[in-house]
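I am attaching a structure below and will ask some questions about it afterwards.
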Amino acid sequence: MFVTASDIAKLIDGEIVGDPRARITQPSKIEEATEGSISFLANPKYEHYAYSTKASALLVHKDFAPSKPIQATLIKVSDVYRALGVLLNHFQADQGLSKDISPLAFIHENVTLPEGAAIGAFTVIRNAVSIGERTIIGEQVYIGEHVTIGNDVLIYPGVKIYPGVKIGNHCIVHANTVIGSDGFGYSVDEKGVYHKIPQIGTVEIHDHVEIGANTVIDRATMGATIIREGVKLDNLIQVAHNVDIGTNTVIAAQTGIAGSTKIGKNVQVGGQTGFIGHIRIADGTKFQSKSGVLQDVGEENQILYGSPAFERRAFLKSYILFKKLPELADRIRELEGELRKLRKDSPEK
Amino acid sequence: MFVTASDIAKLIDGEIVGDPRARITQPSKIEEATEGSISFLANPKYEHYAYSTKASALLVHKDFAPSKPIQATLIKVSDVYRALGVLLNHFQADQGLSKDISPLAFIHENVTLPEGAAIGAFTVIRNAVSIGERTIIGEQVYIGEHVTIGNDVLIYPGVKIYPGVKIGNHCIVHANTVIGSDGFGYSVDEKGVYHKIPQIGTVEIHDHVEIGANTVIDRATMGATIIREGVKLDNLIQVAHNVDIGTNTVIAAQTGIAGSTKIGKNVQVGGQTGFIGHIRIADGTKFQSKSGVLQDVGEENQILYGSPAFERRAFLKSYILFKKLPELADRIRELEGELRKLRKDSPEK
Amino acid sequence: MFVTASDIAKLIDGEIVGDPRARITQPSKIEEATEGSISFLANPKYEHYAYSTKASALLVHKDFAPSKPIQATLIKVSDVYRALGVLLNHFQADQGLSKDISPLAFIHENVTLPEGAAIGAFTVIRNAVSIGERTIIGEQVYIGEHVTIGNDVLIYPGVKIYPGVKIGNHCIVHANTVIGSDGFGYSVDEKGVYHKIPQIGTVEIHDHVEIGANTVIDRATMGATIIREGVKLDNLIQVAHNVDIGTNTVIAAQTGIAGSTKIGKNVQVGGQTGFIGHIRIADGTKFQSKSGVLQDVGEENQILYGSPAFERRAFLKSYILFKKLPELADRIRELEGELRKLRKDSPEK
């Protein structure tokens, strides 16, 4: 089975440069593509592959001007990643998700499942759970009492959702993620013994949120930990109690956000970043990976880096000089020596 | 259903300032409170909310002296967090945990369960496991052979406990945490191939320990990885083989402790901190989050920060100058220029 | 039951110094050993224990020359860790793994299991899965459609493997690890809304790979995320889409590798290290724990440290001066003062 470059151009609203009849059987990475593949070029770092790739077609940005001849049929689009998304959707195989309600699941007698919902084997749905239409819940999932899940949600195997959590529509939660575990809250007595502060709040996840694998989102002490519309969280992320993450914010893997911190809209957070508790981050802030954020970010759209984090370019300037510290220290020593000499030579002495 | 401010004051041994008959139906965060709420003020950063909150009652420290009029009834206590703990316990809803032994669990025929123990659906209890009184084990938990679990323990869904692990009394383990996985130990041969060193030790968890979600505690190579009484571990923490964590130490999320490191008592570790292997940390040490600890800490009660970590105030002083390195470098360059001029002007030359 | 020091020396090809008839019942750590134990000394930091240990025998390096009398029988070997591996294998108890096919597992009717394969309770094996000889799959594991697993593989409880993943022979995967979850790929539109790019690639894990607990390996966008022969990954590691990890590379806990990064052979990565995407790391590179790697490493066998990382010794030199920045700043201020004085005194002015 194949499609032509021309078919694909129509699908993604692209402009053909080259042979529109080129036959495409699969998408491939540009450096691994064989005949019959369609590849894409988005990162300029990979441009050299465009001249040697065996791909039959190549998605490129509409302004891409090759500096050498290219064998592949070009399909020019205004947003390469978006076109790629449409294209991959077209080629995506069935993912083998549950399609019906497994007789091996445990579903509490009070739960009514809507048409089109699917529940995998060895999954537990406790009392008073509400599940939306076309929502698919994988194998070995645990859904605690009074949890509410919207329509068109996809919960992968092994996810554990504590009682009372609310999940909106069109969300995806990857395998073994935990939502609604207790916040890390204790009072300490005069003997240094820690006493648990009950965590009676919950977690609210709004629409169109995707959460990676093995991530943890703790419930609030009181009120709710909130993940707002369109947020994308990667794998192995820690979201502590009472955190609030703003609309369309994306956070890369292994980032941690301590209690009660409020992150704005359209924020981008690189992997392994850490935020202390009780701070506020302005909309549009970007954090380079591995940053450590210790205070409020009040001004919008800054790019920050370092631990503690400050303006990225200033950090990099300082870091270049950090590498040269041995040289700077030598120069100080030399200045001191010269000055000592000068003072000795000085006529007054 | 409601209680009065006066009822609560009795419960938490507090002193009322204001209307003792104020009606309370729920606890809320100070910034979100509505009429009928009781809130608390512990962090001075939030004091301004005290003057605008709609809460009907407010837990405050006994020394709190408002700078403006406050509408809420104040309940003054000597430890706000502790009082909050008691209060939240009072309001905490039933958490929907397993209350009996699910017929859908697999329990080895040799295991005898005590009165009051509960086991969730799809949980596996292997041969020669011992489980204490009133211990609740959630759904989809795996308890390997010869594991011992004490009384009043709460194991949340999805936890996996490898064979031979010992857990004390009054412990809590959150969802999808793994206890007793193999330590990361290999010998490497002349070809660079790694050969597994069998990990034949175990893990011992003493009384009153709480462990967060998706955390991992590896078994010892020989002997035991030990988590001592009253330790609190947050989510996504790595505890390597043969680590020993002292009494009443608290460790925040995503911290990692490499093999054979021994952490003292009453230590406080901020999130994303890393400890290399084979070091010892004195009692009472505090680590700011994201520290990297490369050597023994011999002196007690220090506060450390940085990667590699040293005394926190010294780190912050150095870091202020790190930010000013471009200015310092300019000043060195200027000094060199001036000195060059001086030498030229110097009469001897 | 016991063996003699002489039996053990034969087993690990060692040379006896002392009583060959010393009776050994168990291996123990040198600082905890009691009579009847065999211990080992590999890290010179622990040498002082050799003179006080109660162990009856001690594995040491063949060049070890005690500075004081030692009571234990010494067994001298050329590689202590390797000998320890052989020794511990000898003493290792049965790990209580599944030995047969549990009637409580769900195995798709199209799947044929080979002789000697074992499947734990509440495990799900979906359609068209292929499992090799003597492979043991623990409890509550999920194996998605079309997954291929080789011979002599050991999958611990709670592991989730998404559809289409390939695992070689002699691999070990620890509890609650996720393999094949979606890569973190989105396109963003002009309104700041993120749209998922389908991840249609897979994960390939070659022979003799061991993967720790709660680790995540994402599937490729297209093509495959590849973990090559002999790689050892610790716990809580993030491996993003299209990463390629070279033969015999070892990576410690909580490290994260962003998309499309290619790590060479025989690389050693300390814990909590982070790699940005789209970079290449030369063979034999070593990273100190908590490094942040932002660019290609082209030269082989370097040791790197810091965030951003550079040559380890240079980093440590700079870091010593970072600690002394307050002193360096003082010396600059002093130089400026002296120069001001000199200029005043200078005859021309």
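A, B and C are the chain letters, set down in written order, and residue numbers restart from 1 in every chain.
Quick note on the criterion: a contact is a pair of C-beta atoms (placed from the backbone, for glycine too) under 8 Å apart; a residue touches a chain by one contact, two chains touch by 3 or more.
What you are looking at is a predicted structure, and each value in this text was computed from that prediction instead of being measured.
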- Message: Regarding the chain A and chain C pair, does the interface count as same (over half of residue numbers shared) or different (under half shared)?
- Response: different
- Note on the structure: Rounded to the nearest 5 degrees, the rotation mapping the CA atoms of chain B onto those of chain C is 120
- Item | Separation of chain A from chain C, taking each centre as the mean of its C-alpha atoms, in whole Å | 24
- Note on the structure: Expected list for chain C, residues touching two or more other chains, is 122, 140, 158, 176, 214, 236, 254, 272, 307, 322, 324, 328, 332, 335, 339, 342, 347
- Inside the complex, what are the residues of chain C that reach chain A? 106, 122, 124, 126-127, 140, 142, 144-146, 158, 160, 162-164, 176, 178, 181-182, 184-189, 192-200, 214-216, 218, 220-223, 236, 238, 240, 242, 254, 256, 258, 272, 274, 276, 278, 292, 307-308, 310, 314, 317-318, 321-322, 324, 328, 331-332, 335, 338-339, 342, 345, 347
- Query: In the complex of these two chains, what residues of chain A are touching chain C?
  - Reply: 27-29, 32, 43, 45, 79, 81-82, 84-85, 88-89, 91-93, 95-96, 102, 104, 120-122, 138-140, 156-158, 172, 174-176, 210, 212-214, 230, 232, 234-236, 248, 250, 252-254, 265-266, 270-272, 289-290, 307, 319, 322-326, 328-329, 332, 335-336, 339, 342-343, 346-348
